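Okay, so chain A shows up in both of these, paired with chain B first and chain C after.
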Partner chain A sequence: MAKPSFLGLLLIAPALIMIGALFLYPLGFSLAAAFTEPGGGLSLTHFQKAYELYSTDILFTLFIVVVSTLLTGLFSIVIAGILTLSETPWLIAALRNLYRWPLFIPFIVAAQCMRTFLAKNGLMNNSFVALGLMEPIQTTSFLDWRGIIITFVWKQVPFVTLMLAGAMASIDRATIEAGRNLGASRLRVLVELVLPQVAQTLLVGLVLSFVTMLSVLSVPMMVAGSQPTMLTVDMAFRINSYGDYATANALGVISYFMAGTVAWIYLRHNVKREVQA
Partner chain B sequence: MRNSLMAAGLAAFLMTNAASAQTLNVATAGDQNMVDYIKDYLGPMFEKSHPGVKVVAVGTGPGDGGSQKIFEKLDAQKKAGANSDFDVVVIHQKAAGTMAQDGLIQKYRDALPTGALVTRDTATNALGTDVTGYVMPMFHSQTAIAYNPDLVKNPPGTYAELRDWAKQNPKQFGYNGIKGGMSGVAFVTGWVSAFGGDAAKLEKGPYDAATKATWDKAMADLKAFNQNVVITPGNAGTLDMLNRGEIAMGPVWVDMFYTWKADGKLPPNMRLKLVSPGMPGQPMYYAIPAKTAQNKLAADFIALATSPDVQAEGIVKRFNWYPGIDAKNLQGKLDQAAWNQLFADIPPDALAANGKPFPIGPYFNDILETYEKKVAN
Partner chain C sequence: MSGKSPSPPMSAALDLQRGRSTVPPASVANARVWALGSTALKIAGLAIFAFLLFGPLANLVLWSVAERWYTPFKLPVSYGLRYWEVVFRPTGDAMSSLATSVIIACLTVVVALAVSIPAGYALARLKLPWRTALMILFLLPQAFPSVAIYINVARVFYSIGLTGTITGVVLVHAAHGLVYSVWIAAAAFAAVDRDLELAARNIGASPLRAFFTVTLPLAAPGIMASAIFVFLESLDEFTGTFFVGVPQVTTLPLLLYNASMGGNYQIASITALILLVPSVLFMIVIERFLKADVLSKVGQ
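Showing the complex of A and B:
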């Protein structure tokens, strides 16, 4: 066994100090603040308050993020599947050139665009009306939970697709050819041969998307009205309006808990695979 | 020989420098338009009348958070026993109260030539704290209900009528809740003043923590009211939806409303109505830190900023705010068109009767939190 070298420790020291000072210390601090009552003792009063004021928003956040993650997975599988298995060259070329675009657009810009695109008399509905697909009276506004989900999915699908298409491209083509030769439809090849081989990558992409969407402030703030809203907006409001860091931290801990659960599922899956291998 | 020459040169340089380049540092809370107002309009005007003075404007950020930063800096400098490096500060009501109580700003209004032109009670009372003499209002901004006269022929004149109107016209009234900006907050505090009982106590105090229990009925009604309205994304969100014809009515800031109209972002026929018993508005204040090296210049600067000419041209005409000094001092300074525009929908007497202050700090927080608990959750 190699002895830990002093030089090696020295080399990673800056990174360790950065993580300690900029991540672990604030994390510990916010955890401590969430569980400390004004007098100084340990208590759950901030969580009680968070629940009293924001129980709907906690469920709303979970709902939005879970639905967005599932839809992101679905669309990514469809796009990556087409890129890998389609036999129509122009479709592949068009998709390949188009799907990455949203990756380069920040959440706040996406939210700003959606705000005018999805409104009742916004670009989308106006286009439908102009095309004669809809009467003006039938239009509805999507600037609520649907708007948040649409924005999240639009923004996260390219990210997951990028990972997934890469993984699909690197699997052994012989397995796909074999399936096709034996008469399996392309859908069946995708579901039964390709997906099981890239499930790990899909899971990583979805876990990362879940955590990212959980932490976005600009989209719920700009796309939807505030009732109900996501936890990030509530945290910002707690701090801006009342200077109340304690309840904001309690909401933060609830978010960690959601993110942590997903990370745990991922890790467990990973360990199981390693044991099997 | 050479050394003494250089020393003399240096001394001369320092002296001329000190005489010719005085700097007046103005720190302002609020949006970018506040910084622009001082940098592009007021600063150059003051520099012209005071040769050798340079005005430097610093923005500290929008909302009460911006004022909080100014407070923290003055507080730290006071504790260190140092002169503050801000000479004039522009702050919100909540911070002005704290700063006056903590002795971070000085009493200067009585010595100011324009000090007597102020009549509104916000010049003496900042959300329940006595600030007499410590502040000069820079402008007042006011919330009101904007409506589309094509869709609403007879706009409601009171909160009670508005409630009934929203019931008869579902999803035609929109406001931005309390997390999307102050116009929604103003609508909610106005609602509590109208239906929650003792409105005067909310504005003047004294604070009694038990009062919030008396708002249950008003909050339950507001929850029912919310079923018939649209919750918009933000102050600008309400104006956007009015502009696109998606809602017919909603609470807005008057200055934002006029600015959007002038920029062509709202149809020119849109109107305003200040419903009774009233909706809140708030001033921004000019104040001078307790210890500054530029007392005299700072007072001169504020005197210029609150003179009838500047209030007419800068505050009313360029930025669509209500004047900080009594509006009657502006008559004759403004052309009739600008005057008519500002007071067309909300005449001065309606503004005096229905333009209310926000509730005092503790009630304000209680209202927001009760709303979160009883209405939003």
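Showing the complex of A and C:
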């Protein structure tokens, strides 16, 4: 390899300095705050405290994010599958024009929408009552863990579907035709022929969604009540109410760990694929 | 395929099919019921999907024009634009938050482009050590749970007097948007034909002149797309502003949050609708700026 261009390094330096100052340095700060005790030595006392106070919320966060990711995957596969395999042109056209709408809607706007839509007297329950599906007395508020999951899935499905439908459109149609000609049902073609070819894209979309959902503060704050809640809300609470950076950062490291586990699964899958290839 | 006059063997096949299917009338009726049932099922499915998709948005619109709406009523008791007038009153909180948001978003675009145009050019054209690692480095701020980062950014900013300032918020937004601006700028430069630059150099243009008169204009649509991405990302950003901007800097998302938590759903819904406008416009025009040749090079 020729020697690296000095000009190149000079040109990229400002961007690198920015990442260093505004991401890597605070990241180091958070690790240091989480692992050092008041005296200065290394310790896990903050994690112990975080666990004692927030073990329910840690499990709650994990539950919400895992269920939302799985549901996002399921709905995206169904929508992308219909877009690719359906033989009804008007259905494909309608679905293609519909599914993208929440794509660029900010999380905070989605949260505000759901805060009114899913409430006890929200438009959803009111519509069910008006259609005669439900008595007014039976309505319940969905503004708890279900609301968070619904909001996350509503917001993330278009994103994963967009990636997935793109990947499905670029696979070889001949394999699909062959499967259909041999008498396989469309469901079987989707599961056995199409999905294995787009698994990589699906995995990338779901990993990105997982980390995004782990980072969102506005949705759990606005959609659900106070207890139990997600780690992002607990971190904000620790800082704003007690100025307790140590415990907040310990919770932060736990959320890095969750994101890291998913990234690791993704990388391991990638390595396996490259070994096979 | 809908050929008006199918070729002879094809029409024969069609006749055969028709002939065959008219023989047992019961199965025709059956097939018709099947087709009707399947169409009805598809329409029902699509209707439920559309309800779940647009229901939340419809609720938002209803709240924005509801002057009074309380429990036993399924729809607002009285409609009106009173709250719109409150929001758009020149002296209102909303107008000043809108101005703050737009100023911050514009400055964020300037900062992000100022560092990512050179970086993108270097990544696309020049020899850099550990190029892949550098590309991934710009992705990291998006790949980490951001709340834990922002609380520490806020702590660092506090010690140097940047919390509660526009500068602080702009820096946080720019760092967050850097992955879009750097990756898309790199892809845009990579998509520019190298021969055109060489041609300009051959007829005597200096490297700088070739860059500003040939490369940059050709990469402009892609860079424009990255600028829109960064602008929107900044306009919609909540978490970073929540930690770094308080209490002095109130952007639209913060106003939305405060209004919603305070139970003022009309103001919250109108603010949300204002935030929706650029997002929807962007969804419509994105394909004009992000051409397939650039898109295929993103992240490479």
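Throughout what follows, the second predicted complex is superposed on the first by the 277 of 277 C-alpha atoms of A that agree within 3 Å, B and C clash if a C-alpha of one lies under 4 Å from a C-alpha of the other, contacts with A are read in each partner's own complex, and residues count from 1 in each chain.
FYI, a contact is a pair of C-beta atoms (placed from the backbone, for glycine too) under 8 Å apart; a residue touches a chain by one contact, two chains touch by 3 or more.
Every value quoted in this text rests on a predicted model; they were computed, and no experiment measured them.
S.K.: Determine, under the contact definition given at the top, whether A:M235 touches first (chain B), second (chain C), both, or neither.
M.R.: Only chain C is touched by A:M235; chain B is not.
S.K.: A:L91 contacts which: chain B (first), chain C (second), both, neither?
M.R.: A:L91 sits against chain C, while chain B stays out of touch.
S.K.: Could you say whether A:M222 touches chain B, chain C, both of them, or neither, answering first, second, both or neither?
M.R.: both
S.K.: Can you tell me whether chain B or chain C touches more residues on chain A?
M.R.: Counted on chain A, the partner with more touching residues turns out to be C.
S.K.: Is A:W264 contacted by the first partner chain B, the second partner chain C, both or neither?
M.R.: neither
S.K.: With the two complexes superposed on chain A, say which partner A:W154 touches: chain B (first), chain C (second), both, or neither.
M.R.: A:W154: touches chain C, not chain B.
S.K.: Kindly classify A:G122 by the partners it touches after superposition: chain B alone (first), chain C alone (second), both, or neither?
M.R.: both
S.K.: Tell me which partner A:S55 touches in the superposition: chain B (first), chain C (second), both or neither.
M.R.: Touch partner of A:S55: chain B, not chain C.
S.K.: Under the contact definition given at the top, report the residues of chain A touching chain B in one complex and chain C in the other.
M.R.: Shared contact residues on chain A (touching chain B in one complex, chain C in the other): 115-116, 121-122, 221-222.
S.K.: In the complex of these two chains, what residues of chain C are touching chain A?
M.R.: 39, 42, 46, 49-60, 62-63, 71, 74-75, 114-116, 118-119, 121-123, 126-129, 134, 137-138, 140-156, 171-172, 174-175, 178, 182, 232, 236, 238-239, 242-243, 253, 256-257, 260-261, 265, 268-269, 272, 275-276, 279-280, 282-283
S.K.: Flag every residue of chain A that touches chain C in the complex, lowest number first.
M.R.: Within the complex, chain A touches chain C at residues 1-5, 7-9, 11-12, 14-16, 18-19, 22-23, 25-27, 29-30, 33, 88, 91, 94-95, 98-117, 121-124, 126-127, 129-130, 154, 211, 214-218, 221-222, 231-232, 235-236, 239, 245, 248-249, 251-253, 255-256, 258-259, 263.
S.K.: Quick one: in the complex, what on chain B touches chain A?
M.R.: Where chain B meets chain A, its residues are 63-65, 176-180, 226, 230-234, 237, 240-241, 244-246, 365, 368-369, 372-373, 375-377.
S.K.: Which residues of chain A touch chain B in their complex?
M.R.: Per the stated touch rule, the residues are 52-57, 115-116, 119-122, 141, 143, 221-229, 233-234, 237, 240-242.
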